[in-house]
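First subunit A sits with subunit B, and in the next complex the same chain sits with subunit C.
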Partner chain A sequence: MYDIKGYYDAETVSEATALLADNPNLKIIAGGTDMLIKMHGGQLEDVELLSLRKIKSLEKISIADNGTIVIGAMATFSMIFHNPILKDAAPILTEAAISMGGPQIRNIATIGGNVCNGATSADSASSLFALNAQLKLESKAGERVVPIREFYLGPGKVALNPGEILTEILIAPEDYKGFGGHYIKFAMREAMDIATLGVAVLCKVESVTFNEVRIGLGVAGPTPLRCLEAEEYAKGKEISSETLAEIGKLAVKSTKARTSWRASKEYREHLVEELTQRALKTAVVSAGGAEVV
Partner chain B sequence: MFKRIAFTVNGKAYNFEVDVRESLLDVLRSHLGFTGAKQGCGVGECGACSVLIDGVPTDTCIYLAVWADGKDIRTIEGVAEKNGELSDVQKAFVDEGAVQCGFCTPGLILTTTALKESGKDYTREELKRELSGHLCRCTGYQNILKAAEKSLEGHVCTCVDSPHYKGE
Partner chain C sequence: MAYTVVGKSVRRVDAVAKVTGRAKYTDDFSERNMLVGKILHSPYAHAIVKSIDVSKAKALPGVEAVLTYKDLPDIRFATAIPGIIEAMATDEVGVAELKYSTAGHPYALEETHRDKEDRNILTQKARFVGDNIAAVVATDDLIASKALKLIEVEYEVLEPLTSTDAALKEGAPLIHDDCEGNIISSKGYEMGNIEEALKESDHVIEGEYETSIVQHCHLENQVSHAYVDSDRRIVIMTSTQIPHIVRRIVAQSLGISWGRVRVIKPYIGGGFGNKQDVCIEPLNAAMSLAVGGRPVRLELSREEAMIDTRTRHAFKFKIKTGINNDGKINGIYISAVSNTGAYASHGHSIASSGGGKFRYLYPTKALKYEPLTVYTNLPVAGAMRGYGTPQIFFAFESHIEDIAKKLNLDPIEIRKKNVVKEGHVDPLSKNTIRSCSIRECIDKGRELIKWDAKKALYKEQTGDIRRGVGMACFSYASGTYPVALELAGARIVMNQDGSVQLQLGATEIGQGSDTVFAQMVSEVLGIPMYMVHVISTQDTDITPFDTGSYASRQTYVSGMAVEKAALEVKKKVLTVASSMTDIPAHLLDLKEQSVVFKDSGEKVIELEVVAMQSYYDRVNAQPITSDVSNNARINAIPFGVTFAEVEVDMKTGKIKILEIYNVHDSGKIINPLLAEGQVHGGVSMAIGYALSEQLLFDEKTGKPLNNNLLDYKLPTIMDTPDIGAAFVEKEDPTGPFGVKSLGEPPIVSPAPAIRNAVLDATDVAFNRIPMNPQRVFEKFKEQGLI
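Let's turn to the complex of A and B:
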């Protein structure tokens, strides 16, 4: 049995924020695939849970009139993978979604939970970083929108204030239109594994030069991160293997990889340098550029 | 803390109070006697506890019993015909020798049943991916994959990639 002291169901967002305002000790549970495992392992004890599972409005994935993609925080990884809007507009996110866990986990784990957990290894994170995702946080007092890069504060730490719930993940049209992208998850097994490194890249090309490049990395530091120096360098450069090699080298500079039992710091840095280039090679082609040989 | 929930298991309706601390696996096995769902890893990695919830394969060890309210659940006990005749998926697992100790079998048969009932076509790679949430420590997976392919006869595409999935 799980160490649960109390359990509350909310059926609407306003009901959830009201319950949370009354009792700030409530722990929010979404898919439960991380929370219940923490309880199983004794890292979380005597908890009072607020479940968002009955709030069906938070499962919606849609595209607003202004082109902004709106992903409900309770959308599961299976929903994201099978969603035609995302498949078309943000394939780096659907590719990341299908790389996560196994089928039964994807059927229940939610993208909102994945983000709020604050893990650098969150499979959705590197893609959401590359897509400049914005997070809508709601509380009884109102709502605010935070860029995902400001949301991750440290391992397991996110900028969610007491009383706040992540309700929507937003991707603006200028952050996905016209980009080609590619996602690579590097892990020891193809299923049920935590990433050794997650690489999500987006690029825009103009005949033979890079117009814009974005590189999002997971497990390359205490939080997911962007390789801004490499991105800045790439702007306007000719697309060639030399440019890619330099981007790979510069990408490593933005990382703060560490040694864990999964991989050493040196190995992770090698992966960053190599996989950034490989991901960009594929992304260039999907952005309409010529294959880099 | 207790909560009253109503749900069906293999078509039969249940309505009773569950302890909020219990997993659906606890309720299925200990209260209702559906011991076909197994407790393996207990953390959602092995798939021995998988059942179909509204037709979707789900690990019940990390699924709170209160979440089953209003759901339609199918366990391995509800797969064969009423007269005891095995389903096509079960027959395929027997024919291909895909069962050894049997601990992973209920979950694998339920997931394969869901794939068959989806009516969709799958590539071999997609089939492997869809079965990847079940660990088997006996057979080495080849016979399981053969049994799944036999179950989905006519729906397994042999092309290298399909429009919705490209193997790395």
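Let's turn to the complex of A and C:
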């Protein structure tokens, strides 16, 4: 039995933003896979819910004329995994999608919920960070677009103002075209688990050198993050196991891992170093580079 | 012997009901206006309730009752049902100190053989985080939850003893006032002279091993409902393995006579030993009494069930083995410390039983076992599949591997040299090994995994990914004889058409016992499976007496009762047939729904005709039934082996199982497909035990850290490799149809086999499970591999 005081359905974004503007107590529910857990655990009581599930326009995944990929916030992880546009243009996102939960969860959990939930372990986050995703937020007053790196504020805290709904996730062509990538979810189980570490890398390769490298990490700090120092170092470097080793070391510098009963700081940092290299090895090949041995 | 139905993979008798969702479980039953009960759990591991104020909770609309330890002894008198007070007041009056034991053992007439009585339904002294302090009964879940928050409790917090070391420390506070040193028991055994045996040996090798606290994680959490019926008796429907024992313990916990309780057990969603214990039923009964006998449902959430039911005892072992150059073991010394948590539950029985079943595998000149069972301020440990054997076999099968490595002996040969032979009589239990195919099991496993080829292939590895193979053996028992009573009951009623109803005290808990019992009846009576109707629900008012499902006893022990009941029906059928045909009964047999000549198989008369006669003969009508009890004063010892192949990621510490085979000597296999399923389940549980599962607690406070299925790493199907199951079938002369047990055995040997495979792959000996990536990383780091 869940402690639900009220429940509202919206069929369009404007209906939803109007309802939100009228009742600031409303909590948005998408797939509910985080929300229901919170209610079950007693973190949320007497809630009034606003469901977005009837807003079909928010499930769309498309490519705009200017090449920008537009992912509706209500797209589920199953939709993302099976989407041909994303498979082709942003495989690190589809890889992340299939690593998430189990089939039942993927059929209902949305990418918008994943992002707005604000968890560092969100499987979509490291990939979206690497892809420099932009978030379109709409309210009754209007809309704004925020880069994902500015959206995550702390554990469970995101830059969503009262009355705002995340409607779309945007990926610009310069952020995905010409990249090879790879996502590694390192978890204790092969399914139904949160990541001990999520590593999403993208790279552009020019014959034997790195043209550009992007490294997004989840669970390496209180929010998902990018390893800017390592990325900077990689630019123009020859692709070799030595370079990868150095990138792995530098990647650790951007992290803020801590010891918990789940894993020690030392182990987490070791994983960052090791898995960044492993992810890059695969990414190099998918970017057209030669295999690093 | 050639059988018709026994030995065939017939379909489960409950398959359709379960697959179509028609099988009803406790939660599917409802009483009108059922109330909801909820428990207030202690937030402290060790504390005394100084004061408790329930007035705000009581005042919340929808709250029907609030119970604390203060109310319970007098619950019978506080209740407002006139009939009940009078009826119960005539029962022996309980006192405020009414304590009971919860373990699902048969009652023992000898007081010395009883389980420790250390529990109250609600307690003033909290002994673990989760202990039951108070309870509410309300009209719905949400109100009950809100009411819990309104109960104001003031605790005096005591030092929490979160490890056996802390509990054993000199001057440690007592968790139970009457238990000196927090030690429940130190009873062990000694055979031969261990000092001499060690002295005589060419080598004495020592090792220390440790296992962790894990939880059953059965699909269906504990759930029950209780009410008082018009006969003024307490009726409890519950998800249990042991209905007759629940009945006794509920009565004991309330201080009323046993006949005043009726327990009904419908289909259950798994137990693995956790429901061989009485966790929620006494409180549920008290809740109903507190509201005038109205029906109350009590259902634990997963988070509650993981800490407030039972867990598997964590053990620490120290082993010393004396062995000669040729690999012959002279003597074994084992000391063990078992962490039983806050209440005894099965207590020392776990350490005792593990040590007892271990004795059968490697008989030696001398064997000394010194177990210690210790209270701590952690959740209560109880029965869990394997009952002490997963622990001791993890330790010893790891140890013997270490010995083999140290002395450069072949790990298979060293075991073969020392395993028991047929005819061996265990000096302590006096149980005889009447069938033993452990050697054949080993040979079969060796072939299945291609041991020799892989051993050679994996010799000198240096890369980041390394592979290895390992194996481990075990011995078990079929039931508990001679330690406890092994009584089983079965009843058969033959219908007019020759079909039968089979009623059993043994409970189907998912393992498939109803199906194999039906196969036995079908075999004896010569009728097809569809003519055997198993009554799967147990109801203590009408079900024959049987102590329940545990100790891998059903097919062996309850099977004896079933066979006996079927044979009695057969005899009666043949007697009636004889009276109808004038052919002597001893010349007759039953086959294909007919009475036939025993030697030729020639048909004499149809079974249905005989059955009709038994119902309607004007003079001699007497429907054919049997109602038997069987006291199995015997045991049969099953054996088996696991072979595992692993791949270790030397950088991340991840261990992956590539192949795993369990080969069992469980006598005759009644239903190969069900047996295979049993092995799959046991092995997958053991994989979690070896690699990922562990209940964690804050060392300082005893607070659980991961009592949910996200943080407790129960393997998913994606983590489970294909599991190979094989059997060496040699009929045991004692069992019905030659069976030996198979329920628990599959879980015993995989963990050490996996550990030994990791040793083979990496040269690193893990002496503590689970071998999760964090631990593997630490150990590799320690050894300079990372």
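As a convention for this text, the second predicted complex is superposed on the first by the 293 of 293 C-alpha atoms of A that agree within 3 Å, B and C clash if a C-alpha of one lies under 4 Å from a C-alpha of the other, contacts with A are read in each partner's own complex, and residues count from 1 in each chain.
As a convention for this text, a contact is a pair of C-beta atoms (placed from the backbone, for glycine too) under 8 Å apart; a residue touches a chain by one contact, two chains touch by 3 or more.
All of these numbers come straight from a predicted model, not from anything done at the bench.
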item: Partner chain in contact with A:70 - subunit B first, subunit C second, else both or neither; value: neither
item: First (subunit B), second (subunit C), both or neither touched by A:3; value: both
item: Residue contacts on subunit A - larger count, subunit B or subunit C; value: B
item: A:190 touches, of subunit B and subunit C: first, second, both or neither?; value: both
item: Subunit B versus subunit C as contact partner of A:102, first or second or both or neither; value: both
item: First (subunit B), second (subunit C), both or neither touched by A:32; value: first
item: Contacts of A:271 with subunit B and subunit C, given as first, second, both or neither; value: second
item: Touched partner set for A:292, first subunit B, second subunit C, both or neither; value: neither
item: Contact residues of subunit A, present in both the subunit B and the subunit C interface; value: 1, 3, 40, 102, 190-192
item: Residues on subunit B engaged by subunit A in the complex (per definition of touch); value: 1, 3, 19-23, 26, 42-45, 47, 50, 56-59, 62-64, 66-67, 111, 129-134, 164-165, 168
item: List of subunit A residues in touch with subunit B within their complex; value: 1-7, 9, 32-33, 36-37, 40-41, 49, 51, 53, 78, 87, 98, 101-105, 107-108, 184, 190-192
item: Interface residues, subunit A side, partner subunit C - complex; value: 1, 3, 40, 42, 102, 186, 188-194, 196, 261-264, 266-267, 270-271, 274-275
item: Contact footprint of subunit A on subunit C as seen in their complex; value: 140-142, 145, 301, 651-653, 692, 696, 705-706, 709-711, 713, 715-719, 772-774, 777-778, 781, 786
